[in-house]
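Chains: A, B, C and D, in written order; residue numbering restarts at 1 for each.
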Amino acid sequence: MPFGTVTNSGPPLLQLEHLSTHYVSAQGTRVVRAVDDVSLTVRAGETLGIVGESGSGKSTLALTLLRILPPAARIVGGRILFEGEDLLQKSETEMQHVRGKRIAMVLQDPMASLNPLFTIGDQVGEPIRIHEGASRRSAWERARALLKAVRIPSPETRVKQYPHEMSGGMRQRIVGAIGISCEPRLLIADEPTTSLDLTIQAQYLNLLRDLQREHNLALIFITHNLGIVAKMCDQLAVMYAGRVVESGPVSQIFNTPKHPYTEALLNSIPRMTDTEQRLVAIDGQPPDLSALPAGCAFAPRCARAVDHCRVAAPPETAPAAGRTVRCWLAEPALAGVGAESGAA
Amino acid sequence: MAASDDRAGTAANLSRRDLLAVAALGAAAGVPRIARAAAPTGELTWGIHVTLASTWLDPAETQGIITPFMVLYALHDAMVKPMPEKSAAPCLAESWTATPDGLSYTFAIRKNAKFHNGEPVTAEDVKFSFERYHGVSAKLMHDAVATIETPDPQHVIFKLKRPWPDFLTFYSSASGAGWVVPKKYVEKVGDDGFKAAPIGAGPYKFVSYKPGVELVLEAFEGYWRKTPAVKRLVMKVIPDESTRLAALKRGEIDIAYSIRGELAEELRKSPGLSLKAVVLQAPNWLYFPEQWDPKSPWHDLRVRQAANLALDRKGMSDALFLGYCKITNNAVVPYTFDFYWQPPEAVYDPEKAKKLMAEAGFARGFDAGNLTCDSSYANMAEVAIDNLQAIGIRAKLLPIERAAFFAAYGGKKYDKGIIQAASGAFGNAATRMAAFVVKGGAFAYGSYPDIDELFPKQADELDRGKRAAILDKMQQLVHEKAIYAPIWQLGFLNGVGPRVGESAFGTIPGFAYTAPFEDITIKAG
Amino acid sequence: MSLQAESLALPARSPRRSTLSHFADVPIVPLVILFGIALVAIFANQLAPHNPEIGSLSARFKPPFWQAGGSTKFLLGTDQLGRDVLSRLIFGARISMIVGFTAVIFAGTIGTILGIVSGYLGGWVDQVVMRLTDTWLALPALTFAIFLAAIVGPSMWNIVIILGITYWTRYARVIRGEVLSLKEREFVRLAIVAGCSKWTIMRRHILPNVINSAIVLGTLMLGVVIIAEATLSFLGVGVPPPEPAWGLMLSDGKQGLMVGYWWLTVFPGICIMLLVLSANILGDWLRVKLDPQLRQL
Amino acid sequence: MKRYIGRRAGYSLLSLFLLSLTIFFFVRVTGDPAALLVEPGASASDIAAIHHQFGLDRPLWVQYGIFMSQLFHGDLGQSFYYRTPVMALYLSRLPNSLILAVAAMAFSLIIGIPSGILAAVKVGKFWDSAGKVFALLGLSLPAFWVGLVMILLFSVYLGWLPSSGSGTPWHLIMPAFALGWYFAAAHMRLTRSSMLEVLGSEYVKLARIKGLPQWFVIAKHAFKNALIPVLTLAGINLVLMINVAVVVETVFAWPGIGRLLYEGIAFRDFPVVQGVVLMGGAMIVGVNLLIDILYAVIDPRIRLEK
């Protein structure tokens, strides 16, 4: 059951408008449209889930928000409005004040997210020292408090320890502590539980939810696990081949999916006994992002695809308030027009 | 004496540039320069092409190679040694006499001969040095000598067990036995102590030595022959030829040993530098080990003669050694040796060679297998192969690292193909014949009975004239049978910098290095 | 997908990649140079205007054709024995390619086999192999080369053997490291459970997984081997004259540098540089493509 | 860790023993030193005399026994060529080699690390390519050629530096550079790739997500991690430099150990070859142990695995 005390109200905290990020190879001969024309909205205190297969552009989208893309990636268009400011207009120095302080992020691999050569206290306290100019000692104190907040036992000794002395679940909680250390408005969690086992996963999700409540955090939850989405999220965006193919409130999408891909995803849920399991239920392979088909990127795998789907990419339409979808079938009128033009 | 020491001390503290400035000042002020006998001044530096070994500081260690003598001539002196005027010149021995039966040699020691510590050279020292000598020829010499008598400090008598015509050759140049060290000092410091701080009777005394790196010597003013002109000598090891030339050009060194090929050309072109060529007592040759195998093409005299005619020795020398090699056409005996026989001049006539090949039945040539050589002489062999190829003898070059080459050459491993080799061993025509021509010779892969027959005859012959005739005959046979194809006696090219007056290169025939050191001068002004 | 993989191996490594797109960003210039050298090596007999081993002493030190005294007969001049530099370079390509490739393959074969065996079997086998590599490391390549040259005599093939015996340890170490981590992987465990013999596992499961690393290392080692060959020539134990090996030409020609016979060293120097640079750039690219884990040379 | 190091040391001693055996017999296969101390043509008795003098006329195992028992007393025997103790020779050359190696290492690290970092940070940009080409040039040119060109340029034409020899810092510049360049290239490469790997790591990503300035991320989070493999390589290379500097030592007449070994081989000076190779082996063992300890100092993961 979707959890959410906050409804669609208040001004948007984060608004993405037609955001596109492409990877360009060194020779400039290949372009990978990792994020393509994405528009999304997140309100304060709300949780947005983003789901999709590996390589559908979810992680790139997250990195785009923080503008920490690898050198080969270019943000080629769109706007990122955060609290009314366009992050794409900011200088790198200004962005540094956004990262960690106003928008934080939790990475998917807790084992690799901590620098093995520095103590936990040092790494947890680091954002506090950078963003708030705290002294070494007070940062240390805050770090200890944060460890306590993420329910790590005996934080006094833990701050002095090194990452390799911690278990995976503990490390992931430490990464969470780093995320909330400067009390950000938005926390992005990129598959934060993939490498944890089931019990620890549940504990961690509970922790995130509690933290969200306490700090009135907006949360973007990137995952490929619809079960987690159902448990955690208010809103959902389904990504396929760099595009958002469907978005809207979780309950509505779960009940009446408009896109065949979403449908296929939902159909695969009952078979997911193991949360580690990937979305293997859909036939076919994800498309090559550098050589997308002319029409709808999902058409080759879509059981219901018509001729027109292979000719032109569907536009984003709004079948209901707060919902979007990219599918010719969702708009039969448009599909008909397309079919005519295709036949002509 | 004290005053001159002070002066010397001051001079030693001045750098070379300061000294030049002082010298220039002196000239400008018009101070009349004293012709000689003044205290030695200045410093000269050598760039040495081989590694300086501690053994070179001690004549008792002298092995059968020439390199140690580049140091021995400075540090030590011998009773009799090759000097510019003659190959057996009286040095520490003022004179000597031999009894007619060839069994007794009496040497009279020079009265003013002194060691660096000021003590006179005595008969005891001479006897001690001979007995102490343990270089390569030690056994041969010790076995030949029955007793050494020292009737008084000025006289030594060597009594031989049986007549040995080559005694003086070995005592004077072919070994270190005639080089004299101070008995008392050696007994005091021991062999290792002596090598660490040697005292000799030569024109220069020891200052310091870093093994394999640098040797510093200082003029010994009490040297009997004359006071050396240059105060300090520094011998630095610089293994790379190009670097030696660079150092010479920059004035870091004044004398550079062994500058070959293109670098020698550059040396000749460089203003201020001069090229000094010395002919070594090392003949190079091609050897045909298959000539005793009747099935081999080399068995045919005409083929061997053709190979001789095919070699463009002059062109090779011009190309590789600026024409400084001496083409003697005697394969194994250097022209400076006793009993040397001069063959007819070498001829380069590839047409005639081809004709001989055709007569021998090899008009279309033949595959001769490998031409094996010491890899340091591979450049020469490359040309030789080109020359032989021109008359149809096709060989493939196989250069072998020096140590391995000589081991296999002497071990008779190269019994096929062609061998290119050289020898700078000491001795005379007879010793060379023994090693390279006659039956049982260390490097003879076969022999001819007529030559073998002559060999023992000359060994027992006390009459020098008769012995020479036999040895001449032997060398003539070697030439006529074309056992070898002689190439030349190697030209050793060296560089001399602008500051050097007399370099003393080439003053002693057949000696590769600068000597005698007391004759070396720095240019005045 | 980790950021690391993305940043190193762009575009994103989706499992469905055509073979063509796999090689879309191959460094063209080095590849062309290597192919060019290979072609020159193969067709040396057709391309070379003169015999590379035979010269005329009367035509020594002719400069390249554009310099005064040069002629179009010898486009890149002649050497100290009057041999055509261009022809020697052309045949030298053959020798360098043969020496380089065979030595690398030789070293790679020994090293890979020992690396796999040592890494997979562990225990005393591992100890013996590792002690052997330690011992090898203490013996500088040159020491070996001279020893071997003294024992077997110098020839092109002996140089190949010498270089191979000298450089196998690098493969052994790298491959062993790889095998140690492969050993813990699922598919190997599965194979063990399935009852495959040790040798089958090494051959069928381990070898195919380390071959990429061996290829990358081999490309990088090509340069090392070629420079080593030149250095052996400098020390007088390289490919024997009159074979026109580039390293030998460089070493022989160095005497001419001071005299102004620059073409004797500059041309072989450029050839060596181009070959080694190309091999290295290609090796770097392959390393990124095939095996981002392989960091050490 | 102590037990680990102890075991490692034990194995290393074993390799040293293997090395002594290998080198002892290997060097004796290659030729006869006597043949080099006389000109060809010397008599067999002369050569036998030399053999006797050097103790080469005794059975091999006796020779090896003597060698090992001397070794046990820290004596490497007496050089055939120099007629002085090998240990003294070695020690007299060691300072030169160390100076050269340390200077060359300084060159290679001073050039290699910063430019490697630059190349990694500016990946795909001009500095990356410039760094790459510079690195690969060092690998692509034989050291003897670099050395000779430098002598020609800086000594003969410009007259700035002495052509050869040792003694002053000026003498050190060219050989150290010639030796260091090859290694600089290797260090830069490793720094670059190791830096790239670290920069691509999750913890560096997290550091940037924290909002740390770029230079701070590089200086604190990336550099220290990236340095570990570079330091390891540098440690091994320092020893290699001492042992392989022969080319540079020859070109610049630098009296180091490489040259000593090379001449030892050329003269078949068995005690020198044995001594230098064994000392080299001992050094490699020592440095490997040192690296283990250093590792433990830098990397807490090892430090705490007691």
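Simple rule for what comes next: a contact is a pair of C-beta atoms (placed from the backbone, for glycine too) under 8 Å apart; a residue touches a chain by one contact, two chains touch by 3 or more.
Everything quoted here is computed from the prediction, not taken from an experiment.
Between the interfaces A-D and C-D, more contacting C-beta pairs are found at C-D.
Innermost chain of the displayed assembly, by C-alpha centre distance to the whole-protein C-alpha centre, is D.
Chain centre most remote from that of chain A: B (centre = mean of CA atoms). Rounded to whole angstrom, the centroid-to-centroid distance between chain A and chain D, based on C-alpha atoms, equals 51 Å.
Distance from the chain C centre to the chain D centre is 22 Å, each centre being the mean of its Cα atoms.
Between the CA-based centres of chain B and chain D the separation comes to 38 Å, rounded to the whole angstrom. Averaged C-alpha coordinates give centres for chain B and chain C that are 44 Å from one another. Multi-chain contact residues of chain B, defined as those touching 2 or more other chains: 242, 246, 401, 403-404.
Shared interface positions of chain D, defined as residues touching 2 or more other chains, are 30-31, 123, 148, 152, 156, 200-202, 205, 250, 266. Chain C has residues 2-3, 6-7, 146, 150-151, 254, 257-258 in contact with two or more other chains. Against chain C, the residues of chain D that register as touching in their complex are 11-12, 14-15, 18-19, 22-23, 26-27, 29-31, 123, 132-133, 136-137, 139-145, 148-149, 152, 156, 186, 189-190, 193-194, 196-197, 199-202, 205, 229, 233, 236, 240, 243-244, 246-247, 250, 258, 261-262, 265-266, 273, 277-278, 280-281, 284-285. For chain C in complex with chain B, the touching residues are 54-55, 57-58, 60-61, 80-81, 146, 149-151, 153-155, 236-237, 240-242, 254-261.
Residue ranges on chain A touching chain D, taken from their complex, read 26, 66, 68, 70-72, 92-93, 95-101, 104-105, 107, 109, 112-118, 126-127, 130-131, 162, 164-165, 175, 178. Chain contact summary for the complex, chain C toward chain D: residues 2-8, 127, 130-132, 134-135, 137-143, 146-147, 150-151, 223-224, 227, 230-231, 234-235, 247, 250-251, 254, 257-258, 265, 269, 272-273, 276-277, 280-281, 284, 287, 292, 295-297. Per the touch definition, chain D reaches chain B in the complex via residues 30-33, 35-47, 49-50, 53, 81-84, 89, 92-93, 148, 151-152, 155-156, 159, 162-165, 250-253, 255, 259-260, 263, 266-268.
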